[in-house]
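In what follows, chain A forms one complex with chain B and a second complex with chain C.
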Partner chain A sequence: MIRDQKLWTWHLAAGMLILLLLGLHMAIMHLDSLVGIFNPAGGHAIDWENVAARSQSLFFMVTYVLMLGAALFHGLYGLRNILFELGPPSPLRQSLGWALILVGLGLFVFGTWAAWASYQNTLSV
Partner chain B sequence: MLEAKGHPNRLGIFGWFGGGRWGPDRYLYSLHRLTGLGLLTYFVLHIVLTSSRALGQSAWQESMARVSGPIFVGGEFLVFMAFAFHAINGVRLVFAELGLGVGKPIEPVYPYKTVLDVQRPWVVTVLLLTGLLVLVGALDFFVWQ
Partner chain C sequence: MSENKLPETIIFRIRRLAPRRAEKPSWGEYSVTYEPGMTVLDGLWQIKERVDSTLAWRASCRMGVCGSCGMFINGRPRLGCNTQISELGTAVVTVAPLPNFPIIRDLVPDLRPMFDHHTALSPYIIRDDVDEMERPTGEFYQSAAEMERYLQFSYCIKCACCVAACPTCATDSEYPGPMALTQAHRYNTDTRDDGFEHRQEVLANEAGPWRCHFAGECSRVCPKGVDPGKAIQLMRRELVADSFGLRHKTPVAEINVKPDGIERRPGIPAAPEPTL
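Presenting the complex of A and B:
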């Protein structure tokens, strides 16, 4: 019970961090007509020149990884709560819990590699 | 998450939509969950797709070409709407969790006032702010390009 309370508190804290970082990400990507400062090449936010410019920024590399971790935890813990509320039997609950942890760790490692590798690649260009 | 004690969740997912005289708060609860699941699904695909930037310009452009076109733009706008609602409603839920905007405990005197009455202005605010953000997003997606 206490463990769940702690996880729930982390779930809320992760939500607040996501609000900040994903808010910035969404503004850059989808309000680029209004917030153009992170798209130095002009045009669309997903044009390679803009992607490369953000990728070589240490600020964006670090915040991508932070957002990745916070969003994976927030999303997968939320999914776990929804699944557990449906009342699966105990062995299934354990398996689901472990499966979600493994999926989360796998995606975190993969996403962190992508952020780090693109930071390194664009620095060397 | 609290453990259920003696009250199994018989309604299951159906309980998100019906099973009682639900008020607007209940539908916000359901919408919060639905948008959360949608955002999680998109996020997993997004991690995989955008990781192509690590492989260079041609890999990135190839990935982006695979998800271009009006259907994907429409889908992305749905994601934006889900984000706008989930984020703003999430702030309301965090405030409620911290005891803000839920009123003080009072004597149960008829006509009874509940926490939902105190929350109603916040619910309306969430919907208005979401609508405003979606409107600005729609202009950016479809008009200011």
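Presenting the complex of A and C:
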């Protein structure tokens, strides 16, 4: 079993994905004069028409879910490492691990549902 | 303070503890007559011979080779024998046992936790051809470039200064520490070794290099110039590459058999018989 090696590898991969998606987010929000393709209504990136247009896009719905998953895994794995370094006994480590998995899964399901609902609602508008 | 400006008498502040007598740690102050060229270890010997024979520490070679006299000197892990008093530049020298270890007595740390981790990572050559290892018919070929990849890590003398300086070892007893991880990397990198998968069973789990924050203190304090921080990062890179099946596997060193039909030149004595 090579559990921590895999977890660390996914931690790095999630970090790279966050960097990529955060870069996209920053570009859309702050370079709207250059990346106008994501703001079809013109004007500012946070104008309602532009926000609605992006919400109708399958591409953005997928990136939201990817970003959510990557950020949750990256953050919760980091938190797990910090907690483990405080030296909890082995049974408590296991409980902490499972608690973080449940919290992560719960937030992921909720966030995915929100992104999907938003995508569905804007389609029906 | 240069050597010329050091006073004739140096004060040694030494942390004393005898756990079996259930004493609380205390600080003893001792005057030492300073002579140029004196090391901290020389100062301790002077105290033991002239002032207090109960003072305990661990030392052997006096020349930075055996790694026995690791101590916390003026707030930094160092070898007592390798630290000149003039190098410290202070008239008061503070000596304590290495942090991050249980204390046996005075300046003697219990290094068993470190060596338990070291042993668990199989720090020796592992190969399939056990017969060849036991009864060698030749030598394992290794180029100078291949040796260069692990050479600096093999200079480790297991003095535990790196473990004493490691912030992760201070809180996490499951973390193997810089010494054990560096030695695992040293053997993983050795082309004569074929034990990566065997060590991976330990390294890829909780007791692997994953808790290292790369504070780099281990590399800063190493008295032999070894860079454990680098070894741990290289090991992580290798393990992550392995996760994607991208680890570069160097073929295990082959055996250079002894040449046949060569006569010894006259006047050259034969090698002695093996003793083991």
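Keep this in mind: the second predicted complex is superposed on the first by the 113 of 125 C-alpha atoms of A that agree within 3 Å, B and C clash if a C-alpha of one lies under 4 Å from a C-alpha of the other, contacts with A are read in each partner's own complex, and residues count from 1 in each chain.
Definition applied: a residue touches a chain if its C-beta (ideal position, glycine included) is under 8 Å from a C-beta of that chain, and two chains touch if they have at least 3 such contacts.
Computed from a prediction, not measured in an experiment: that's the story for all the values here.
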Comparison of chain B and chain C by chain A residues contacted: B
Contacts of A:63 with chain B and chain C, given as first, second, both or neither: neither
First (chain B), second (chain C), both or neither touched by A:46: first
Partner chain(s) touched by A:4 [first = chain B, second = chain C, both, neither]: both
First (chain B), second (chain C), both or neither touched by A:12: both
First, second, both or neither for A:87, with chain B first and chain C second: both
Overlapping contact positions on chain A, where the chain C interface meets the chain B interface: 1, 4, 7-8, 12, 81, 84-87
Of chain C, residues touching chain A in the complex: 168, 171-173, 200-201, 203-206, 208, 210-211, 236, 239-240, 242-244
Complex contact set, residues of chain B against chain A: 1-4, 8-9, 12-13, 33, 36-37, 39-40, 43-44, 47-48, 50-51, 53-54, 56-57, 60-61, 64, 76, 80, 83, 87, 90-91, 94, 97, 136-137, 139-141, 144-145
Residue ranges of chain A touching chain B (in the complex, touch as defined): 1, 4, 7-8, 12, 15-16, 18-19, 22-23, 26, 30-34, 46, 48, 51-52, 55, 68, 71-72, 75-76, 78-82, 84-87, 107, 110-111, 113-115, 117-118, 121
Partner chain C, residues of chain A touching it in the complex: 1-9, 12, 81, 84-87
